[in-house]
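Okay, so chain A shows up in both of these, paired with chain B first and chain C after.
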Partner chain A sequence: MTPDWHAEPVALRHYVAGRIDEAGAASIEAHIPSCWRCRRSVATLIGLGPMAAPLSRIWGGIEERTDPVRRGAIERLVVRVGLPEHIARLLAATRSLRLSWFAAMSIALGFAALAAHGSTDGLLLFLIVAPLVPLAGVAAAYGPGVDPAYEVGLAAPMRSFRLLLIRSVAVLAASITLAAAAALTLPHLDWAAAAWLVPSLALTLVTLALSTYVSSLRAAVGVAGGWVAAVLVTESLSRARLAAFRGIGQLAFVIVALVAAAILANRRDAIDRRSA
Partner chain B sequence: MNGSAISLQDIHRSFLRTRALEGVTLDIQTGVTGLLGPNGAGKTTLQRILATVLAPDRGRLRILGLDSAKPRERLEIRRQLGYMPQEPGFHRSFTAFEFVDYVAILKEMTGRRARHEEVRRALELAGLNAVARKRIRALSGGMRRRVALAQALLGDPGVLILDEPTAGLDPEQRLRFREMLSMLGEDRTVLISTHQTEDVAALCQRLIVLHRGRVVLDGSPRDLAEVARGRVWLADARDPAARLSWRTAEGRHRNIGEAPPGAQMVEPSIEDGYLLLVGKAALEEAA
Partner chain C sequence: MNQAPADPWADPRNDAALVQALAGGDEGALRTLFDRHAPWIYLRLARRCADPAVVEEAVQDTFVAVWRKPSGYRASGEVAAWLWGIALRRLIDRLRRPARLADRFRRVASPLRSPSYERSAEEQVLLGIQFGDLAGALNHLSPELRAVLQATALDGLTTREAARLLGIPVGTVKTRLMRARAQLRKELA
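Moving on to the complex of A and B:
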């Protein structure tokens, strides 16, 4: 029930500013629970006044503590890095950004790095495996068969292309960090230790471009198979060691990456709907 | 919202050699519309096209006056659409709240405070407050369907596309769903596909029967029952003239088909009409 009297606007301003005597404050505090009009006036004055920022911070803290969403280590890290909370949430639903995925990839890279200590063929194995880590991660990040809520997401207004890019960039950054850490353990830290980087980008972009035609899993399997075959054939035909990773090879990967990026940008609407 | 919220013109869709939809033309208005049909009739394909998830091979779809073939207009349609797929996938490690919150982000609700309020509203509407913090993998099938419904209700959409919303629900849950859908259909367009003729009879002002990718009936539940008028009779034994016949709880046989002279005709039900309509086509298919 609204009472038939209202506090004076001046009194409310003084109350909000903390410039009112104890009796006046007690009177207002007794009145406002039953008067929506004065309550709204107080809320408006607080929102305009110097208390707005500290109150918002306090409210934010309360929300933080009563947040019904559990946030994992990676999600908290993403927020701490400075990305918005809702982007972190989108990443939390990405299979290839889970600790179990990183553990599996670390083991694969660890074995490849270990093999590199044994022989030149071992180094070749590391250079073949390292670009496959981001490729696999991106393929498992988004699409039919890998994202359980894929169909619900397609019907939502957030563009699939945007979601794909957000997840792919996050997975790529994490995977490259992992591969770089593994590369630091190689026996010789020369050019070969970084020779996997450009092929990684190229293979990932080719996979993304192909996923506008077929499912991301099929695209990844095809690209991975083609990659292994291409490196092995080049290695067997060329007299130079690690031929696919030298100057001309790196240039070819740059060109492939640019072409794939152009195809992906051109066909971004194709991933906005299902083909079957 | 007045007039046709959804307009389909000559929609065709095939999967390899299978023709899922063949020339479907419909106008759907505010209220609850039921989509009935046997397995493989094309219901899910039609709903996925309406949800803008799948593109038709041919034909035109407009929702709320917007053309789904144009990317910008499609985006606007999605802003006003709630979709519950037949088999909604879940991130099963998420809680009900977390999953609906995740979909809310996909629905462009980025501010946490307002988004969480909207998630709470949708969960409350779906009757999920008590289990909001439970993991989805710990929920029953009926509860999961409610989670799927809750995500469809986010943002108070003007058009709701619900694929088999009552499948797998126990009788009490089904009644709760009916109550909720009836309430939702008061001021928006709700299209539900179902196998359950009782749901259609209880809820829908209009129903569409699909068979082999074509609309074979478009009318009211009464129109469907009328298909069987004069073709349902009771007898003490199975009548050889009947296409379908079963023993009822009273111990007599309910026969459906071309009634013999002097048969004791009874008032047809929606189910009788549906069985005749689709059963006849099924018999022709088998011949």
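Moving on to the complex of A and C:
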């Protein structure tokens, strides 16, 4: 459908350049939706001007958001659940939410669970390893040096602290699911099969709290080392097996988790500031 | 495929056919539609919003929305007009973020709301205006009155949508509309 009337080339040029009176602009704008020739003239004029750059930027963004290949399984899942796209993209860019990461963690947990079939020492090994999975996941999910999406994170329209929480919760949920699945293969499904749960939470929170002071990699290595040492020392000093995971030990981990959570909440400004 | 094809109008398909092709996942069709329509839409939005970043996002949202839901186009009418309708509302969406809960509820509660559902302000303005030196009269309006007139009479927004676009209360839109109409009538009499 092409009407007989067309905007004058001079008027179109003025319109594109923003040098036209309101009535002239109104007239052109009323005409353009029904006239492809004048649309083409506008497109040609804009293509030569300073607006060409934003337009190609816009197209780049559209490509990114519509390309089905770039959207991984996790991203699609997260979008389907109803979370906003930018969160989906951040989670998808989180290294410790990738399939390769899960594979590595599954192998570690699998070996530990296998060892648990052999002896109580094997079970101890499993209980030591299981909480390290979410810890490593959270550490790898956040912070410069480790994170391929760190820059994306900084550019996200979100405060860093919220970002950290969203990612940590996602990683924690995935890791705990994985560890729980591994625990189901343990020889005896008694209290020990769930004894890693509270320590997992505590270690993760301590790592997050520490990472407001030092890099998340250092925090994770430090906490992991401390964890292994504490369990082994408790084990060798105590008469009962798996001493660190029994009543008092669990209570201690609850307290540690609460303290770490309090520190974290207190330090939220430090996180936001560091990335500012 | 970031380099622009030589001429988006070289594609023999018309806009409606391109929109149909979107449903089949034809990315080339999206590119052609973008090259045909994004320039004028961008320009027209930029005349209504001073923040270039918001305009860019609105244009992006528009074509992503079209890509995801090409079925929104009813086979009658100009694709261009359809696109413009989407674009302007996306701009308003971007401007009013964070969305108020009441607005969201209203949107969910009235999915059938179309410009004619709430009496378009277009009629309110143009009713009673006889033809005269309309261009001259328009140019004499103050920028505030003109902006309201543009949003309602030209862009076909409801008074509430116009209020969001311009960042003023609905009541102000209505008063300005009345004033604009009165002034136009006086000048054209």
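Note that in this section the second predicted complex is superposed on the first by the 194 of 276 C-alpha atoms of A that agree within 3 Å, B and C clash if a C-alpha of one lies under 4 Å from a C-alpha of the other, contacts with A are read in each partner's own complex, and residues count from 1 in each chain.
As a convention for this text, contacts are C-beta pairs under 8 Å (C-beta built on N, C-alpha and C of every residue); 3 or more make two chains touch, one makes a residue touch a chain.
This is a predicted model, so every value here is computed, not measured.
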| item | value |
| --- | --- |
| Touching partner for A:269 - first (chain B), second (chain C), both, neither | first |
| Touching partner for A:222 - first (chain B), second (chain C), both, neither | neither |
| Which of chain B and chain C A:58 touches, first, second, both or neither | second |
| Partner chain(s) touched by A:33 [first = chain B, second = chain C, both, neither] | second |
| First, second, both or neither for A:47, with chain B first and chain C second | second |
| Partner chain in contact with A:163 - chain B first, chain C second, else both or neither | first |
| Where chain A meets both chain C and chain B, residue numbers | 63, 68 |
| Touching residues on chain A, where the partner in the complex is chain B | 63, 68-70, 84-86, 89-90, 92-93, 147-159, 163, 269, 272-274, 276 |
| Residue ranges of chain A in contact with chain C within the complex | 1, 15-16, 18, 21-27, 29-30, 32-34, 36, 39-40, 42-43, 46-47, 51, 54-63, 65-66, 68 |
| Chain B residues touching chain A - in the complex, by the definition given at the top | 15, 48, 51-55, 71, 74-75, 78-79, 81, 83, 85, 88-92, 94-95, 97-99, 101-103, 105-108, 110, 112-113, 115-116, 132-133, 148, 151 |
| Interfacial residue positions of chain C with respect to chain A in the complex | 1-2, 4, 8-9, 15, 25, 27, 30-31, 34-40, 42-44, 46-47, 52, 55-56, 59-60, 63-64, 67-68, 78, 80-81, 84, 134-136, 138-139, 141, 146, 150, 154 |
